[in-house]
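The letters A, B and C name the chains in turn, as written, and every chain counts its residues from 1.
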């Protein structure tokens, strides 16, 4: 029979040695999570920079004029005669077209995302915070828009208003705002119930001030991540529109247009279509990885707070 | 005869903030029919000890070392053998009944699963055993409760269901992790009485985790006061409460609001509390978690 | 014949009724409750979860609007006052919340959190705001290094201190503590209660304490209001209510509060069994029917 004696353990000297081995630590959940977030962010950043930097610097790089036609050099394969991506059916350097066209595509993408992000966050926050009829109207708008067939709608608007860059940008922004709006609304709904928001009310703060000063800063990081992810979608949407002929007209040769121009030659001169496609893919994957990695970091920090 | 013998148990957690030694070399034992309580504040490591003993901590988070022998099996070194014991020889009564039960399955279904841990049973026998268990935990109209869902029962009722599930396989050890912390004071009394009655009848050993000195005083034979992963004081419960030896235990006792004894009719003794200088004892560091 | 002077009441609640909208009707959370809070006193509301005590607290700070009844603050009835008229009066009644982890804006520093109500009072200069915030943080026992830190860097007790400083920054006449120490460890709870007592002694601030813990209430309040299921069961001077409770429910609350130093013997089941004999207003073996 073990009778436990009355003991009071004074502070001992040395503790026991740790049983955590290197390999256990490496395999631990925390280490894996950290590694994966880091890997994603670095890889994502590299891929994105790989595409974005040359595009931004297109003017200063030693590239031939994207619209310069040279019939003698048509259908030159990649890596031949100073053409990294080869030439198309009119002898135009594809790399140059992709980079210059990328400027338009990216501009449209970034602008559309900024606009849709702003509209989405504002409407989502108002809907989530105030509820009532504001929420009803905004939620119905979101639902209505999500239920429309996207591409049809975009084509319709372009058909009505013409395929100019502002229209395309606007149309993509309209297509995309429901997603950040929904996310913002849910996040605001959750924050609204927290005591610190109630405390602001007890202090006598007007509702709108509480929303802007207290609620939004605490959720904005999570929403920004989603908005970043939308950039990739925006670029894809623009490409789709251009491919279908509803994109910005000549002389702007955006990615979708480049691909559509080359599609009839896909079997003979694969590089006309494939290489621009690869560039789009790399950008999309890069941005997604980057945003994913950032989201992992944000989530981790939220958990630890 | 020891039901559980713990020697030098340490649990280290691999977190993003580094390696935390949540439990630092604790030793204790529990005999049949005995209740041992680990009492401590949040962050003391008491819940981690209980979860670690039952191997309920994720393998990629916790590294357990030392020895914990239950029914001849060492929990720390014989993980596979222990897996067979969990739910049978030893059972857990978790803190929050709402999250411990599945909201989409009936009480009867979940209780039945616990019963089946012991071995297969035909349906009518299973039902009979389930009703028997619910009766043991003093749930009225047990046949009616089998078909209900967790959200239809009150907190106290759900806690009784959890106790029934823990008893289903006739365990020799019950680990109760703050079983009454989420309950109202008036409901708590009934749960504690139930546990004590069950122990009298079945001689089950109980490891109780709590932060409430009143609960500990009521239900324990032995208590261990835990702080920062270690036991700072251990002994028979009346002695620790009457004559605490360490500053920390004294601090805990001094901080409990005194109500005095009361037998239900008149105030028997109105004890004036001794003034204890709270400032003289090292309390929560005022300089912040990361100075 | 001389008339006794009108007591100076900070707050007077008369026939308060608060309803919640639920599926298929309304739920009456507060049913005709009346009590007074004299200036400089501490009045406590005690009861089990769901009795309506927190709802009263929320109604008093106008986080909810009562269905009927009066809340007279410094002579003015604020129960139905429109938001615009109410806003300048809000600073007079402030609240300390239960949850130390959700009651502070996570992205602001302690200085900003306490400085906001100072700014609302009209102090325009940032330097003056910071100076006063520093003074308040010091008053609640936090060091200067705490000013620039965010809530995540503080422990639960420290966060509550920041919450108290924030409430004081509005220069209120009445401070409502809605289970302000319930989520804290026992020793930290004692410290925070001591802080509140010190502040009251220094400044004559009036408190309304909401608690489920009779022990906490006894130490600090002059008057106790006992509630159950939305109604006042009993109210009166603290010592009287606690030592000579009239109503069965109060007796049950009193009996269920386990004072570790008042229990005698090893595992006295008769203590708990006695509780089962006392008539409970809320029968713990009753089940809630969700339908």
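We take it that a residue touches a chain if its C-beta (ideal position, glycine included) is under 8 Å from a C-beta of that chain, and two chains touch if they have at least 3 such contacts.
Given the structure is predicted, the values throughout are model-derived calculations rather than measurements.
The chains in contact with subunit B and with subunit C alike are A. Across the two candidate interfaces, A-C and A-B, the one carrying more C-beta contacts is A-B.
In this assembly, A is the chain whose CA centroid lies farthest from the centroid of subunit C. Centroid to centroid, with C-alpha atoms defining each point, subunit B and subunit C lie 30 Å apart. We define each chain's centre as the mean of its Cα atoms; on that basis subunit A and subunit B are separated by 48 Å. Touching two or more other chains at once are residues 304 of subunit A.
Touching two or more other chains at once is no residue of subunit C.
Among the residues of subunit B, those in touch with two or more other chains are 236.
Of all residues in subunit B, only 1-2, 8, 10, 12, 14-17, 19, 21, 24-25, 28-29, 31, 58, 60-61, 63-65, 222, 230-236, 239-240, 245-246 touch subunit A in the complex they form. In the complex of the two chains, the subunit B residues touching subunit C come out as 35, 41-42, 138-140, 145, 151-154, 156-157, 184-190, 192-193, 196-197, 200, 211-221, 236-238, 241-242, 251-264, 267, 269-271, 278, 283-284, 286-291. Residues of subunit C touching subunit B in their complex: 48-49, 141-143, 145-146, 149, 153-158, 185-191, 194, 212-216, 218-219, 242-244, 251-269, 271-278, 280, 282, 284-290. If you check the complex, the residues on subunit A that touch subunit B are 1-2, 4-9, 15-16, 18-20, 24-25, 27-34, 300, 304.
Chain contact summary for the complex, subunit A toward subunit C: residues 194-196, 198-206, 214, 217-218, 304-305.
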